[in-house]
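Here the structure is laid out as structure tokens; the discussion comes afterwards.
Chain lettering (A, B and C) follows the sequence in which the chains are written, and residue indices restart at 1 in each chain.
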Amino acid sequence: MIDYTENIRKISGDLLKNGKVDVVIGYKRGTLPGINEPFLAKTPEDAEKLVWDSQCRLNLANYLTGRKENVAIIAKGCDSRNVVTHIVERRVTRDQVTVIGVPCTGMTDKNKVKQLAGGEILELTEKNGKITVKTRKGERSADKSELLQSNCANCLHRNPVINDIPFADPVPEINTARNDDEIKKIEAMNPAERWAFFDDLLSTCTRCYACKNACPLCYCPTCFVDESQPQWVGKGDDPVDVRTYHTLRAFHCAGRCTDCGACEAACPMNIKVRLLTGKLEKSCYERFGWEAGLTTDVRPALDTFTTHDPEEFIK
Amino acid sequence: MKILHIDRASWDKGVLASAETYQLTGPVKEKDFYEFKDLKKGEMPDMSGSDTRLSPKALVFPKSEVMITFSTDPNDPECNIMKETKKEYPKRAVIGIRPYDARALQLLKLNFDNGDYQDPYFLKAYDAITFVGLAVNQPSATDFSTSCGTGPFDEKGLDVLLVDAGEEGDYFAKIITPKGEAWAKAAGFTKEAGSDAATRIEGMKKAAEDQIVSTVAFDKIAKKTILELFEADHWESTAFACINCGTCTYACPTCWCFDIQDENFGTKGVRIKNWDSCMTGLFTMHGSGHNPRQYPYQRTRQRFMHKLKYFTDKYDQGIMCVGCGRCVRQCPANIDIREICKTMNK
Amino acid sequence: MENPYVPYPVRIDDISIATEDKSLKTFRFVFKSPEDETKFSYKAGQFAELSIPGLGEIPIGIASSPTEKGFVMFTVFKTGKVTQYLHSMKVGETMGIRGPLGNWYPWDTLKGKNILIIGGGFAFTTLRSSIKMMLDPANRANFGQIDVVYGARTPGMLLYKDELVEWEKRDDIRMHLTVDTEAPNWNYHVGFTPTITEKVAPQASDDTYAIVCGPPIMIKFTLPVLEKLGYKNDHIIMSLENRMKCGIGMCGRCNIGRELVCKDGPVFTLDQINTTPKEY
């Protein structure tokens, strides 16, 4: 398997050297084991700092919005779909962006890695699809496939859908259909059970908005939670306001979400917010056969209509 | 200073005895993480959970706190007259707080008792608490508390310092203040430790401090001018990864920014103090629409300038950080205050 | 322990429309408890938080002078949630005031000195407080020459017009009123405030201080004029505005560098402002 990091460094360095792009959005090595820091490379020297591994959990398309210069972006499958969405929603132009597409075999779930370690992780190494963590008590290893984030385990589009510099062979897709088991469990609950479930799910939310801020879709100049004339959502920890925030945000992402998992990766309280967005994406898929960000030729499902749209509600 | 020895059985018995006259507060596991919560009758603090997810600052500075109540009913003779919400501040024993978290509360106090004004909600809550701290035997790799004027065995801000006495569940208890003495008495802890206790504690303290691998230096930051640090050209790239979510500010034991909001329920209303974050877009937004910190990197810069420079200059108590490492561990984008301190301290 | 978050209840005693476009109204408040008025003893330059239960608070410069007893006066611009509601309130209604907050113009330093006051638009409120205080017979002898340059877009946008005209007639104060463009029945200057300042301002001296209060654009063009006239930065006094909530130096919102505008300010010398980040 080729070394992604080496290739990314070379490609980015070349793009910056020959002036094709002004900046490259990627990751550099983090200051802690098991995390990488999103990084804007501006020079060929900067490009030498770029890295890629299975701990690149944030969606780099989040850093693309509103950029005015020529920008290259290292994009895994889901990220690339958000680049497409950005182009469709006119956050950037197609000409501006050079996608360095990365066929992705998934990112590790930070909590599964923590569980594997069973203590403070002092070092994390990844080699040939195996993750090894070192704690004060010793070392433990596991196959990456056992540690995947759930969105990665269920991923339908591991290969970038838009790719200007395909440096690596595509990886085999591991799923052909959506896995909505978690959503279906909730759908099977009666209203009282569902209410209790969501109450519990959101009970530890601190309204830090890490989920919203990590999401490439959330780029509104003034988010609805920040409106003050009139004020739509309270700012305290009243469960009504917490629920309003999460459900409304999920609806705003409906038909646009690529299930990249950045929201859950960012959440400091480990809240499974994808249970909300997942339901809406399942809905879009079932009703309109829609998956977000696959091509720049089509507008998002909730942005347009056709005469073939199902309309059972008015029959 | 008196040092007591508390064996496991006495610990359980004594803590519950002190519950007769103190509201006990200690680490409680809530879903994935520990937080400091008021303990129910008969409930013991989980002493393995002292390293809480969010800092214990909510004990004196709650996430959301009603300060003022009022009626907006035009038929009420007291309509629109705002009154302090009556609250009880029963005597409390907070058990198992880490030394640097207790030190952090002292730094918070500098803000809430600032020489001209006093925040009664903070101060009454703070004064009602007896802090029974638990020393850190094994500092995390992200613990840089010794660089920040505190440390794994620091006594500042504590009334009692508990140190693992070796045997499972046994403690040495260093009685630091009369408040600590009163709690120990209420718990019935009277057995004085052997004459070697002080030396043993010193030894454990040194061993813990030796394990600290993370350090920060801010001597040069102190010498530079504010404008020099503020106008340095690294900020946009330093802050690139930051998504301005505010997780750091909520987890941080020394962050104190808050918002004041009114909420109405029919003809009754309240004025609430909520945690707020300088990282958010609205924080400095003027009514006119002008925002002096319009760009996210300006807000990221503000946080670090405040913590590492403005506070240092203003209070002469070192930096506004106790080195607990929560922000470093919890930041989704790996913004690391230690790295930023290094950059500013060049 | 005094609770600095709880406002003094006040009754709205008088409301008048302050500008021709009705965007500003002047309110007179009377404290419901006389002891509160005593506690609210203030100096010219300070501000207060006007507090409307259920909506919020707004930091507004105190327009009345400490020499005016029995009431406090504020002129408020309608711009947001709270000010909108305040503008719709009626005489006799109750609300709250917290304060006095902030520091004041450095009256100790200004004793015996010549004062040049430059105001623009509706930033004139604390300047009215200052002028009224200085002109009071008990205080006038404490100050040298007083010049006031005050400009607005049109005559109808000048605050406290009646008082301005009265002051203009006095011989112990030199008023230089101006409007941006020619206007019917306007007998005074025409031109932007910075331009008029350049024309009429006294030369700089160790004994002359300038107090400047106005919108950012006016400040931007006035400061170079003062510099040209030789005013040193520690002789130029300004009152800043910033987003505020607590007003008592605790919520951390209004800082410029290490100074909190609500507590270390809002009055600063230009010297001080030049050594801090301009985040206001």
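Structural remarks
The working rule: a residue touches a chain if its C-beta (ideal position, glycine included) is under 8 Å from a C-beta of that chain, and two chains touch if they have at least 3 such contacts.
What you see is a predicted model; the values in this text were computed from it and never measured.
Each chain gets a centre from the mean of its Cα atoms; the one farthest from the centre of subunit A is C.
Between the interfaces A-C and A-B, more contacting C-beta pairs are found at A-B.
Here the CA centre of subunit B is 39 Å from the CA centre of subunit C. Between the CA-based centres of subunit A and subunit C the separation comes to 51 Å, rounded to the whole angstrom.
Centroid to centroid, with C-alpha atoms defining each point, subunit A and subunit B lie 32 Å apart. Residue positions of subunit B touching 2 or more other chains: 259, 261. Touching of two or more other chains is recorded for residues 228 of subunit A. Residue positions of subunit C with contacts to 2 or more other chains are 80. Residues 30-32, 35-40, 42, 57-58, 62-63, 111, 120, 122, 136, 203-204, 206, 208-210, 212-214, 222, 226, 228, 234-238, 265-270 of subunit A are the ones touching subunit B in the complex. Residue ranges on subunit B touching subunit C, taken from their complex, read 67-68, 70, 72, 79-84, 111-112, 114, 116-120, 123-124, 225-227, 230-231, 256-262, 264, 269, 271, 273, 276, 278, 283-288, 290, 292-293, 298, 302, 305-306, 309-311, 313-314.
On the side of subunit C, the complex with subunit A involves touching residues 80-81. Residues 1-7, 9, 32, 51-58, 79-80, 83, 93-96, 216, 241-243, 245-246, 248-255, 257-258, 263, 275-280 of subunit C are the ones that touch subunit B when the two sit in their complex. Note for the complex: subunit A touches subunit C at residues 228-231.
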